[in-house]
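Sharing a structure here in structure tokens format.
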């Protein structure tokens, strides 16, 4: 037993600590083919080299969420193996496209620690960075999780809660080098709606739904080397259900949002997010969006939309919280992100 | 709701109209790997670069049906989102191999329209072409579908029913440039049967069967960006079943036909086809073939067989229609195609 | 029916016979992406080009078991279509890495034949070799299977049972050219344990479990062109269950063993193996290992561990056989192999 990884407990983290996450991974077109088979992903920039070239890129990069999942997956053995809950995300930015053939690795810095009053758990804040084979950052984000203490008698650390931005400022978004939407082909992209056609406060029901299968979420979750047993081992939970990786719901909702947001081509900022309720096999996932904000960028023809993306498993669209202020039981995901859209 | 695609209704089509279908797609070896995992595809020309080179090609192209599905999938949002039934195919020809790395897009021309006497639906005929990144056609075929009217008061168009060939003439088949079967290795291909060994009227039971799983048909259908909700959303039909994309049955049957038709290497013509009955998860698909015709070609060592490929979900082989002339309930697919076979 | 493959029966084999197996296959990164989605495979050498380059290789080869499955799959139509049981493996050696883009084919030589006393079956011993497009061997192993006689009146052949080594001698293991573990990065590999940290007799519980799904084992099995109907056709067995390809269990167990054996990077020898009990969908596969032996190699920084890898479907770890000497009913696999580990 001594040679296997039993994960870190709350007392194993210290402020400023750097965690070098294991198993770098080379990602190519095989990962993209699988991603496009697992999700109804159709954003043209991630589908066609020719379309990407017409937008000023050398060829089509891998989907933004592939980068997120690969970087995130590596952190699981060091950050969330003993996590009770994934509490939040903030200050996420995509810093460079991930190209087919890139090799990604992840590092995290512990930026906050706060033991809970029950003395049994604590909250760990990490800032995670994904790096490619040239040691260039491709992604960074803050995540905080509630982690069990292994030894309840371990002393509580000095509480430090980082001051996190509620929203990534538009000026801090990184636009991929060369991106130019002035010659954007709306017919090939699938919808005519420009940045100017979206209004703050507007809501969009993405209509389509996908019923979740065990085989699919396990394929997806393994693909990112996230091997937390709760996703794979039906004997692990007393109810015999495999909990679905929250990132599977993120990618499903993002792909479903094509229908109404086909031109929200690239996710470049993650302002926040909550996995509101667990998702299990047999649930039918649908999605709706709300336009939260709009911003201009320096890149030719490129605007930014701040969007709320909500995934549900039933119920009517556009309902998020009950009278008690809590998420409704059918809400799976509430994600707040910035995407690049042609002007 | 206004921003999502609700599909075209019968009155939205007009004769001569060109539909530019969305989301071009770059296909590579990742798509092939998935195709060969989803179907028991073993035709050597699509499996091995070395085998393809020995047949005069620069390397192994992507499977003929990959090209068909990619081109077809793009047409769904514009042609069949409100379709009541997929009525038929005709005049299908593969015009050039799809090479790994090619980017495919699709266009359709409306070539026929006929409102039904009930005034609620009509038949739309389209000729669809798939084009690669060099704007060269790789595939064309005619499909006709029954589509609902959105407004039953819309006036009926002048009825135009195109005059379609019952069979693609052998002289119109396009043989891939360089194809040469004179040095064909039958041992590596898996069977000794040459073009001359098949007789018109001969029937072949392909013996093997595959029981269909939800996860597999959804992976396959998404891979081709066919996102019609009836294939994915278990809450969509009153019976809670997800209808399986007819193309999944085509590919399954074509792959099963390897056992007996291992040397029917390349599909180059689609004379017709009917999805006789719906297929659902749990069905066990088997296949049988009938040799309908034979033809010579100009390419060295290359003959053509016209084949009927029938997929079933149970029952005895070689039974197609009942005494009433209708397809038997166990028949899923009746496909009529031309394949290239070594002499 | 005459054109389909009904497989070989015991009387169809003769000593010294060479079987050229059909359908060569080009394998690339798409196959790897699928492999890493189907199994929790995380060994760094097979995950990252950069890691492999730091270990002296030009880039990351395909997983050792991909090579095994591709070579094995091709033998099924000629060796085990009418097999009653897969009895054993011996003298397996990986002779060269399989690089993305390689085209593999397989040949087998019949090296032993022995009719059983019941006169209805016999044991066939074959030595199988996998070859790449340069006709270089990449893998060889001996397998013996019990095969039905097609004609019980066929005369029994002179019994020949080959003298097989119980263990591949460490000096016979082939180390990939250039492999050098002197600069091995244990942090990126995921565990700190070196060759010297493992002791003969030590046992490791790999803790994690995966519940098996029909869609996944069928995807895996087709990927290697193993199309034996018992794995795919739910109507084939009287109990309506699809038997899971034994190689699926091998790969699952090997991947699960990462947790405790993350540095057992490359499998280079297969000493023996038994598929102790059948595996079906719904089984939760876990794994444990035992260190059987240790050896040095000539390659810089590279040691070898001889490991027993046991896959189970329930029960306590480290239990293999009952008082009667037979495998316990929960044991799926008992595999004996050599792996390369950093000193």
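Just so it is clear, A, B and C label the chains in written order, and each chain counts residues from 1 on its own.
Heads up, the rule we're going with is that a residue touches a chain if its C-beta (ideal position, glycine included) is under 8 Å from a C-beta of that chain, and two chains touch if they have at least 3 such contacts.
Remember, it's a predicted structure, so these values are computed and weren't measured experimentally.
Chain-to-chain contact here is organised exhaustively, every possible pair of chains being in touch. Where chain B touches chain C, the two copies mostly use different residue numbers: shared numbers make up under half of all numbers in play. Distance between chain B and chain C, defined via averaged C-alpha coordinates, is recorded as 36 Å. Within chain B, residues 28-31, 33-34, 213-216 each touch two or more of the remaining chains. Of all residues in chain C, only 1, 3-5, 20, 22-26, 28-31, 33-34, 77, 101, 103, 105, 133, 213-216, 218-220, 222-223, 225, 227, 229, 232-236, 242 touch chain B in the complex they form. Interface residues of chain A, counted against chain B in their complex, comprise 28-34, 36-40, 42, 44, 47-51, 60, 187-191, 193, 197, 204-211, 213-216, 259-262, 282, 284, 314.
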